[in-house]
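Since the structure comes first, as structure tokens, the remarks are kept for the end.
Going by the order they are written in, the chains are A, B, C, D and E; count residues from 1 in each one.
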Amino acid sequence: MKEKLKKIKLLKRRSKPAGLPPGTLMYVGERKVENVRMIYIDYDEHNFDEKQVSAIEDCFAFKTTPTVTWINIDGLHDVEIIEKIGRQFELHPLVLEDILHTGQRPKLEDFDKYIFIVLTMLYYNSDNQTVETEQVSIVLGSNFVISFQERVGDVFDQLRDRLRNAKGRIRKMGPDYLAYSLLDAVVDSYFSILEKMGERIEVLEEELVTEPTEQTLQQIHRLKREMIILRKSVWPLREVISGLQRTESALIAESTSVYLRDVYDHTIQIIDTIESFRDMVSGMVDLYLSSLSNKMNSVMKVLTIIATIFIPLTFIAGIYGMNFNSEKSPFNMPELNWYWGYPVALLAMTIVAAIMLVYFRKKKWL
Amino acid sequence: MKEKLKKIKLLKRRSKPAGLPPGTLMYVGERKVENVRMIYIDYDEHNFDEKQVSAIEDCFAFKTTPTVTWINIDGLHDVEIIEKIGRQFELHPLVLEDILHTGQRPKLEDFDKYIFIVLTMLYYNSDNQTVETEQVSIVLGSNFVISFQERVGDVFDQLRDRLRNAKGRIRKMGPDYLAYSLLDAVVDSYFSILEKMGERIEVLEEELVTEPTEQTLQQIHRLKREMIILRKSVWPLREVISGLQRTESALIAESTSVYLRDVYDHTIQIIDTIESFRDMVSGMVDLYLSSLSNKMNSVMKVLTIIATIFIPLTFIAGIYGMNFNSEKSPFNMPELNWYWGYPVALLAMTIVAAIMLVYFRKKKWL
Amino acid sequence: MKEKLKKIKLLKRRSKPAGLPPGTLMYVGERKVENVRMIYIDYDEHNFDEKQVSAIEDCFAFKTTPTVTWINIDGLHDVEIIEKIGRQFELHPLVLEDILHTGQRPKLEDFDKYIFIVLTMLYYNSDNQTVETEQVSIVLGSNFVISFQERVGDVFDQLRDRLRNAKGRIRKMGPDYLAYSLLDAVVDSYFSILEKMGERIEVLEEELVTEPTEQTLQQIHRLKREMIILRKSVWPLREVISGLQRTESALIAESTSVYLRDVYDHTIQIIDTIESFRDMVSGMVDLYLSSLSNKMNSVMKVLTIIATIFIPLTFIAGIYGMNFNSEKSPFNMPELNWYWGYPVALLAMTIVAAIMLVYFRKKKWL
Amino acid sequence: MKEKLKKIKLLKRRSKPAGLPPGTLMYVGERKVENVRMIYIDYDEHNFDEKQVSAIEDCFAFKTTPTVTWINIDGLHDVEIIEKIGRQFELHPLVLEDILHTGQRPKLEDFDKYIFIVLTMLYYNSDNQTVETEQVSIVLGSNFVISFQERVGDVFDQLRDRLRNAKGRIRKMGPDYLAYSLLDAVVDSYFSILEKMGERIEVLEEELVTEPTEQTLQQIHRLKREMIILRKSVWPLREVISGLQRTESALIAESTSVYLRDVYDHTIQIIDTIESFRDMVSGMVDLYLSSLSNKMNSVMKVLTIIATIFIPLTFIAGIYGMNFNSEKSPFNMPELNWYWGYPVALLAMTIVAAIMLVYFRKKKWL
Amino acid sequence: MKEKLKKIKLLKRRSKPAGLPPGTLMYVGERKVENVRMIYIDYDEHNFDEKQVSAIEDCFAFKTTPTVTWINIDGLHDVEIIEKIGRQFELHPLVLEDILHTGQRPKLEDFDKYIFIVLTMLYYNSDNQTVETEQVSIVLGSNFVISFQERVGDVFDQLRDRLRNAKGRIRKMGPDYLAYSLLDAVVDSYFSILEKMGERIEVLEEELVTEPTEQTLQQIHRLKREMIILRKSVWPLREVISGLQRTESALIAESTSVYLRDVYDHTIQIIDTIESFRDMVSGMVDLYLSSLSNKMNSVMKVLTIIATIFIPLTFIAGIYGMNFNSEKSPFNMPELNWYWGYPVALLAMTIVAAIMLVYFRKKKWL
């Protein structure tokens, strides 16, 4: 069941029937939370305010305050909330559509007054050992950041702590630095996914060398699938971040650019690692197939050794099991009446077996 | 028969003998409708007029009206109609040729007075589980859009409803937005093809793990074929849409460009998904081949186990089936006359069999 | 023998010993015609003159007439003729060398006074089912086109008819349109080669599913070879045509450029189709190899079923063929003297066989 | 255990929990040295001073002297030292982070006052025949070079000798030439890794032809892994060096650029060689798999020859081992009572065997 | 031994220990000639002088003469000679290093006063059927060309003849044309290598179809190796020649550029052909592997036919070889005493065999 869910992830279903007008607001994912959770964090260098609100209107006042405000929405099924935000912060209908149509490709769109960023957050679900994806949409304005997530729970807890405790330089910086920090947290979380994958690759390599089973290949196949998902998230992310670096938007301060370069480097490193993993995994398929062939070879050798030793012996035994009537003719199986007949027959069999064994030894089958 | 039809799709036949002058008007496909169906939809923000006409001349008046007019032609075998349209709307002979020579690569051509777009519409034919293609040619003028299709039936019904019911912003926008909406409907329909493919991939993966048959690989092969067709339609589409975005033609309003970016993103997402599907399908071929090897291995093991157990036993039985005359010599098979001869022989056989079984257990064949 | 010829085609031999001075005139191909055939076609909108000449000098007068002249040379072994043309029309020695050294890569060279184009013409030789290549060299001057072919017979007959009958717009246009028409005819002929290949692919796919033999793979291999040849001709052609489109040479009129775009689109379509064919053919190799494995599997199963059923039975029969002396001991094969001995033995064998059959049924081998 | 270590190398673990503020200083590798070793070399054309210091502050004076100073730090676990250097030489916090977070991708960052370079140094560990990696970070300032290494021991000893002995032009040149020399030494060391790999490829090819075992493929697989690591180090290095060449930084003198071109050429040569190695190694997998098939074939042939010769013979022997009662009927096995019965039976067997042998000879199995 | 030599070629050993100062002059190859052979050819349109000198100083006078001088050095082990040339012609130390460190990647370096070119010359050694490489370094100055080769013997003999006999335009042209001629001769020699390879491919294809052996695959593997070497030489050559074409150096006359375009075209043609060969060779591996499978299949079929026919027959014979005592019970093998017992048994066996044969015929195994 869960496995099923994971498989569908490669292409998020756009339930919207083809042909609907663009900008139609309808959430296409499954409802992943009971209630939409709305939390705002409002801060500057000296003040900090964090609160969960029950009505989105409670956040609207921050639009004009000079402090930096981060509004985080967990849960997208309540389209009305999204619409209200859209009206208040003057977002383009297509932006709202993209927020709701989860499963988007990571992208960056620069509307003069705000920048819209779509990211994919990845979780490693240790229950069924699969990678799960969640779309995070970020709107960066002149003094606010709004982030939209499909469910509660994310990779931003450390970031919230830093905001609360005024650690690092984050409280002194503007909303662009906050948006960068969100990006950085998402990219950092990819590293832990990669580490998990790296460990599974090691385990599989170990298995391949010692005891490859049919499951091994299926696990390699699953690994490949997950790499495909990861790649689909990370490759476009590279463009997103390099787009942010190169943007001439006034929303991104010059001083933030060195940090964006840093997260860009991390993205490249992740891409490099994925490509290396792909190379390694494709090598593992070769290893597996050749291990199958080796196994077959060893099965065949055992059969061949047993059969080629005993088939001639059984033939000799068969000869002397024939009932030719030795009373009718001196040529009819006189061996049967010889004094040393039986011992000689056994000796002959032993010699034949020995010859075969020497032959196999020469062929290095033994 | 239908299967046959599908196979030819990869290269639409240009029946025109090589060397004919360019611009020769001749429909190269098969006649797919009885009569050409011509429908115009004429609208502005406040008025709406839709009518099926029997003579193409009935649509010519709209060339000069300020309203937006969408003329849709289903069926291309009547070359005369195409020629009349060409004369009335001053289309280049090569444009008319491209409309008739279906099987074109999607493309965009910017003639100052109009823009010519060729698209491929894809249907999933659930009868024979194949993807069928149809060329849609669109001419976008200053106040009209003419679309040409090979047969009746398309993915534009929702769009027509929106026009009729004045849903969305479409009735307030110009012909460029109408052309964009046609593009968007075609691209949206690709998503449903992809979903169908995704489902088939899942079914095949399930089959591969549980019960791979010769049909499985042939289905994978068919899937590959269809992806090749899909790819051939979508890759050039990317250039078409990015060409529309970058065009400096006065026919495309600035405000339409954000919508084109949206449909461009969808195209990229489709391409990404096709590439991911290709990766997965090629992994499935590996899975299949290794499952064949595994099957062979298990067949071989059964044979080897049975043969290596019974061949030595049969040999022993053969030994004591020999007819050496024990009356002639005390060495001739004295075992046959021993008191415990038979039980000992049976015991020996049991021991040989047991050794073999232990060996197989050690080799993990059992 | 013919097969041999075809195989050498991948690399046309440059018989010229390495190190000869560039511009040395020597025909490197085999002599394919008895006599060089020289035909000129001289025309403008109102006049038309076509004549086969025996001396090349008869064509030289056209160099200065205002009419368009097409001089076509079939056969390259008479180097003197080529040299005379070179002197008269002031061609660069390297151009003459390229005309004679057939097997060139398609290319475009823009010498101010003329444009030099090398193309590859492809024929499907239905005798031995191979694709044959021939180099066509075209020199486009301000009022003349000279084309050089290795042998009599080409794909330009329809074009000549159009010139004779003043069909299409060709008689009203300049030599650049004539050169375009030659290009277009060559590209059109590629489509028919592709159709032939498409048909062969279908036949092979049919064969693969029903009755794959060793010949099937060899035919796939030959198909691959021919695609390699086709690719080598078409890929550089793309650059040639796009070079013609982008050239600033006064020899190409503005009005011809839309036609060049058309032929360029066709070239891209051919390249797309070749790439699709390649993808499909490589999938067919997988199908073939797995069909081999499947065959082997079914052979093995038959052997295993027969052997594993009869080997134990034969063993039982062997047991009761032993000659232990039942008179010496009550334990020596008392079964042989039982009243129901033989029927029980037969029953035991039947039960063993039935167990095996049930096992195979469970394993789905039957 | 060591093997394990090597395997983790593909993705250096970023132990920093995701979400930490950027610029947090924490060494993520394992502690590879007991104490941090700090050595400075201070020189100009005429003077030379080399000293190991116990406190990093002893090197700080050189910041303002006109001589060139190379400060080399072996060991990164003492974060305080790195922080002090950062403060004294005014390095950006992200630079310090990159120095400590070993496992970075090679990169070049140009901060106006200094240039920051990250390299990967590779060692061939002959104990366990693996390639080990170590990050070298270089900070190039106007009159100093600071290099950071994870452990004691590097490829710079020859360079130090040249500095001590004033060999070459190095003592006359500035810190940019020193940084180039470090780069050059690292790149040179790659050649020796490549040589080692080349030798192993040769050995493996030899093995493949003469005596391929299961180990052979595993070694090929390990070779592939190491090439992946090498590639990950060298590809980005190319960008680093070409970045240095193209930089407009005042820190790189014009005269150094020809040397950078030289080291760039070497990098390209290394990349070429790695790609060639990859091609060769992938060909070796084919060779290995086909050698497996060949082996299987030869095993099968032996089995088939033995079985097909003796099975019919055993059948004939079986016939004459039947106990049909010849006294009850003249048709019941009269052969058994013939005078020449037995010799004729043996002859028949010999003939059958001979026919089989002739058949195998014709099939070229013998 | 020779085979060994060839294998090392993929990576020429840089014996220079890592870390040596750049510009250190030391020849890294093996000494391939006894004595260095130095020959100069000095010419203009009217005069020609060719002489082998014993001291390099004898050539130094030509540095200032207006004639074109070609100094050719065969043998690089005498570093002193190279140093003297370097001093006299003012070559950069890195140029001298590149001349001596053979195994360089082909490259072009433009020092204002001279252009430095490194090429790879390839020989087909027919003794051991391998391709051998030799580095040719060319220095092109304003009135001289100096070429350095590792051993006596090259592809320039025809060129020398043309110089001696004043054939072609070479004696009228400057040193740039001479350098071009050297390039052209090297590129031409690649064609003959390709022809050799083409012939070997044909032979191998023939072998694959008729009689593939284990050697066949090893030869395919060797062919692949040589293509890798060839590719490593030719790909960078493309950049070298296109660099020469695009250079703004005063050393390359405008008129030479059309010749460079010609040699560039040849290089592209060679690259195309290598790529086609690679495609074909990789197809041959498929053919080989499937021919192995086919062989195995046919071996298995023979075994299966023989075994499945005779195993049941032997079982029947075994039945009637049992010794159930028919005197004790009427059910104990009454058949043995039947009048038609034996003939009926033989008939039964014949029928079983016939059924089997029909089955195999149906399965198309016979």
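Quick notes
The rule is short, and it goes like this: a contact is a pair of C-beta atoms (placed from the backbone, for glycine too) under 8 Å apart; a residue touches a chain by one contact, two chains touch by 3 or more.
Keep in mind that what you see is a predicted model, and the values were worked out from it rather than measured.
In summary, the pair chain A and chain B forms a contact in which the copies contribute largely different residue numbers, shared numbers making up under half of all those used. One copy, chain C, sits rotated relative to the other, chain E; on C-alpha atoms the angle is 70 degrees to the nearest 5. Distance from the chain B centre to the chain D centre is 41 Å, each centre being the mean of its Cα atoms.
Note: centroid distance chain B to chain C, computed from Cα atoms, is 25 Å. For chain D, the set of residues touching two or more other chains reads 289, 293, 296, 300, 303, 307, 311, 314, 318, 321-323, 333. If the chains shown are joined wherever they touch, the resulting network closes on itself as one ring, and no chain has more or fewer than two partners. Around the ring, the chains sit in the order D, E, C, B, A, counting from chain D and moving first to chain E. Interface residues of chain C facing chain E in the complex, by the touch rule stated above, are 4, 7-8, 10-11, 13-14, 16-24, 92, 94, 98, 104-105, 107, 109, 214, 217-218, 221, 224-225, 228-229, 231-232, 236, 285, 288-289, 292-293, 295-296, 299-300, 302-303, 306-307, 310-311, 313-314, 317-318, 320-323, 333, 335-343, 345.
Chain contact summary for the complex, chain A toward chain D: residues 155-159, 162, 167-170, 181, 184-185, 188-189, 191-192, 194-195, 198, 202, 205, 209, 258-259, 261-262, 265, 268-269, 272-273, 276-277, 279-280, 283-284, 286-287, 289-291, 293-294, 296-297, 300-301, 303-304, 307-308, 311-312, 314-315, 318-319, 321-325, 328-329, 331-333, 363, 365.
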